[in-house]
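The next part holds the structures, each set out as structure tokens.
In what comes next, chain A is part of two complexes: it sits with chain B in the first one and with chain C in the second one.
And then the complex of A and B:
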């Protein structure tokens, strides 16, 4: 939002360091491990309290996996995750359960993430059953409160999900995520399944709730224009790595990484006057497989500005301007060049594939 | 876009109804439009607005029942596609009218090679022999920019990436040199960088081949970049039709205006709050007797509930189905 204070003074709510999530590839009857899908490969970022961090990228870049690992829906391969000061990378399930109310998730497809055999009241009330000891009347009150908060009619509490439209179903999902007064919500493509006119309704709702309840969002999306609207800072992912992280306006006005530049330039503009004269950067080829990423920079196979060094050395993710991070050899001064060999050597020995 | 040329496709008063357990749903209500040679006609609307069903009904691709194409005429090369034999329809479908569907994974058959699927229409419609068909198939793959075409003919769909699969779909649609190409959300399932590749390809192919294209989408940005003329659909009806610059520069229907305002941009100015069209799109249980948009419209009048507005001209090539008609001053203020 335009009127929010600068994030400088704010506390870090989520700290992610060197996060890796590899899924094993197995073969043969013995299910022997023959390789890894490197869905998330060495990702680090912080999310400040009350802010929205947008996480954008194309399908298969690992953005959803990243969102899920942060909530420990998967056990990470390496790295650390701290939420609200507590390290949750290694905590056992019982302790984790106690921490769950503070961190919630809104899923992409409201059709698939709501149980069709449960009423709206039961869906929204389920987290309350699990994590609180409210009396029946208190619980019902809380359910009504939540339904009001997300703009659902109280009279529909006993209806089933199929009786609602897509936008309303997403509101049910949001109410469920809010039930336990969370601090941090991962919104995984919450508007991707909705129509344009409904998307705006849901995004406005998410913003209202954030202002009222001081929520912190990780907003995962492939819709760059919507992320520009909702996010305070934006991280761009490509093939398991964050290639650029910057405050929203800086990123959209002056993208630094060649991938961010190409991605932004590929988004069509709803204005024929601009669209007919605009020059696009057209990337050639497809995204390589995360099971076998190219050596050096992940983007070197498609990058229009590729240099020799990109095919050999993985560019470090570093701060190039205050608050702006990017992983690209173009923005490297000679003094840091010596450091770049180390992480690549480190990762290749560690993978041992 | 040659104005005044005889249209290649002329649709009049098309009506399609679905019979469901909950009663009838009127999905397409008296839709009329034409397609001129060589033009790209954009069809915009939200899901359920009837844009796909319109195109599926006019070439007989809807399962009947539950669908029932109740009326209208679709003139293509002198025959009425709604009133001709199945054999005639078959000779048109896939040959002189080609299609591209949204999801390239589900519209290609996973158990046949891409080459086989490309050669099928060539052998059926064009009567080519096996060898000639293969040569032509290779040319088509090269035309749509698939590298190493000869070898790729023997690959199966799963061996192609999403963008490459959509290129294969385009190659199949183009196989018999269609006069008309109907593309139903062809880039919706693709990532933006791949979408940009496909859009460039289509622009390029249009210049080379000169067919007329109907491009169905909900993405106004895509339409702005490629269409010559645009139809906006809502509730199974055409609510506005205009040349592309006119539509974006001077939208006249309240729905089009609202739709253009809800879409945020990656460039240009950023608003603190998104504009919203409140409410839901309607489900038409009966033939519409009133304006379908009135419940969500900021300019609804008593008349909107009493009769269904008919399309009327508001400028050259520009018509809307709406009673609301303020002076120019209010257009700017709204």
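And then the complex of A and C:
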């Protein structure tokens, strides 16, 4: 994963460019717009076919919003989203409906994402009702197939969601997402609401399904160890922006952005001898409000390596090493010095911001 | 996942069962609802088939004046088990005939107001653009003084409707319509509130990510989950409609004087209530029993429709 693969070998399934999602803030009697919550602010990345992109960050940094905008569950403020070559940023609802089977979502809270009044069979069958014309028997057959695929006993088909444990409910959610043979699945913190023993089961199931069905995941999580386990590449978000995007091993071995360094230093070390001597980077202060982010770099208020330029100019999101992108002024000089031989155009076509 | 014996697996592996069977199974366990259902069925049976079994015409007044005077205000007897009223008409026949009208008015007006309330509540809650205008309309209706409005509607439209559809059908339509359009507001408000909360639930988002169109999203995910408050307002609504109809008849503005309804019978009996209390008690008990049994049925149905309560 560390080497950059030839562009021809791996097709980009999802291309996100300059994506912005602002939620208006209104105030006063006339409900005038007084500002925006910049939940997702100028985010660009690609996801290659068959890979898992992990999206990590602390709560409220816009991870989930990002995942939902990519599936057009919200209408983006600006930017473009291409899935499998089709631009879905502006498509009307009927066209979008036809494209839905290719992209699905697994939700965070398996309790809340299943309709309590529907049986498991009805929940898994809903996508089939909407997008296929199977006969009753064929549909039931397909539902049983899906239940087998996610490891649910067929006898559970007539039960209701409240009769299941959290892990089983998440399996129902995954079966629903798989029903239409999607190519791309957004996993929005699929394991956050589960206890640790079940987390591993669900993650292994997701990996197993990826191998069998050649799925592409956007895996949103705040659990860095789990992302390390499942993701091929990892994007780190802070306050609506991606601060670093790199192949997994490179990112975990040598984080570049100060925020990533701080985030990774917070991961507990199982070995007690290392744990005692380990140095944590403790960030001070709070995350600024996404309605009023700092003028320069979003991280400048808490960054331990802050410079003057950080408070004035937003660092561009650029490729500093092959396959590694970061938005930090610290790497501006090294980039120009270290990459004299690299083709200039490559940077701009890839992730031009 | 769990290891079941092979035989058990085969037996249990049947196609999804119609969920109304589950609903019925749960409904049966609710004692009050079952008793309510039996009582309501008896009342319905009585008012629908009773007049055929009890051959006396509820509006029959003996043409012979002397005979008529003798028959007035009698207590219960074999010939007239519920006694007779101030014109010598048979009370049993009148209560049965009156029940037919009152229950028909109650059910239809309840359905109409429920339909209006649910429709407006769901539209206002689900589609943000309609919210402002629909809720203003609801507030407007809520602020109207209802009884004077009902009286005005009845006085204005009674004649044209009677001419168009015949006296009884015209007044029936008028009263059902009048009660329906003046009692949907509570339902609309409750439903809107529930829908606003449900709309943000993840399963609605999941349905959107599947590509379910709005109308099916409403029918499949929103409506079944606002069933409980709708049920409650339905059962309260039927009681309310019967009582409003009684009030209108009681004020002399409902059906024509010789046409029995429970409210009308009460109205006729009130003058001599101290002398003949039975004539007030009979229609009163009939109204209360109907309302109470419907309330219990609604209660049981609400529980039975919720799979989380089912099986407990």
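By definition in this document, the second predicted complex is superposed on the first by the 325 of 353 C-alpha atoms of A that agree within 3 Å, B and C clash if a C-alpha of one lies under 4 Å from a C-alpha of the other, contacts with A are read in each partner's own complex, and residues count from 1 in each chain.
Please note the rule applied: a contact is a pair of C-beta atoms (placed from the backbone, for glycine too) under 8 Å apart; a residue touches a chain by one contact, two chains touch by 3 or more.
Since the model is a prediction, treat every value here as computed from it, not as a measurement.
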{"item": "Clash-or-fit label for the pair chain B, chain C on chain A", "value": "fit"}
{"item": "Touching partner for A:309 - first (chain B), second (chain C), both, neither", "value": "neither"}
{"item": "Chain B versus chain C as contact partner of A:158, first or second or both or neither", "value": "second"}
{"item": "Touched partner set for A:149, first chain B, second chain C, both or neither", "value": "neither"}
{"item": "Which of chain B and chain C A:73 touches, first, second, both or neither", "value": "second"}
{"item": "First, second, both or neither for A:115, with chain B first and chain C second", "value": "second"}
{"item": "Chain B versus chain C as contact partner of A:330, first or second or both or neither", "value": "neither"}
{"item": "First, second, both or neither for A:201, with chain B first and chain C second", "value": "first"}
{"item": "Where chain B and chain C come nearest after superposition, their Cα distance in Å", "value": "8"}
{"item": "Contacts on chain A seen with chain B and repeated with chain C across the two complexes", "value": "none"}
{"item": "Chain B-touching residues of chain A, taken from the complex the two chains share", "value": "1-3, 58-59, 165, 167, 195-201, 203-204, 207, 222, 224-226, 228-229, 252, 262-276, 280, 282-284, 286-287"}
{"item": "Chain B - residues contacting chain A, complex", "value": "46-47, 161-164, 191-197, 199-200, 218-225, 244-245, 248-249, 258-260, 262-268, 270-278, 280-281"}
{"item": "Of chain C, residues touching chain A in the complex", "value": "1-2, 4, 9, 12-13, 15-17, 19, 201-203, 205-213, 216, 220-221, 224-225, 227, 305-308, 310"}
{"item": "Parts of chain A lying in touch with chain C, wherever the complex brings them together", "value": "68, 71, 73, 93, 96-98, 100-101, 103-105, 107-109, 112-119, 121-122, 126-127, 130-131, 140, 151-155, 157-158, 160, 162, 168, 173, 176, 180"}
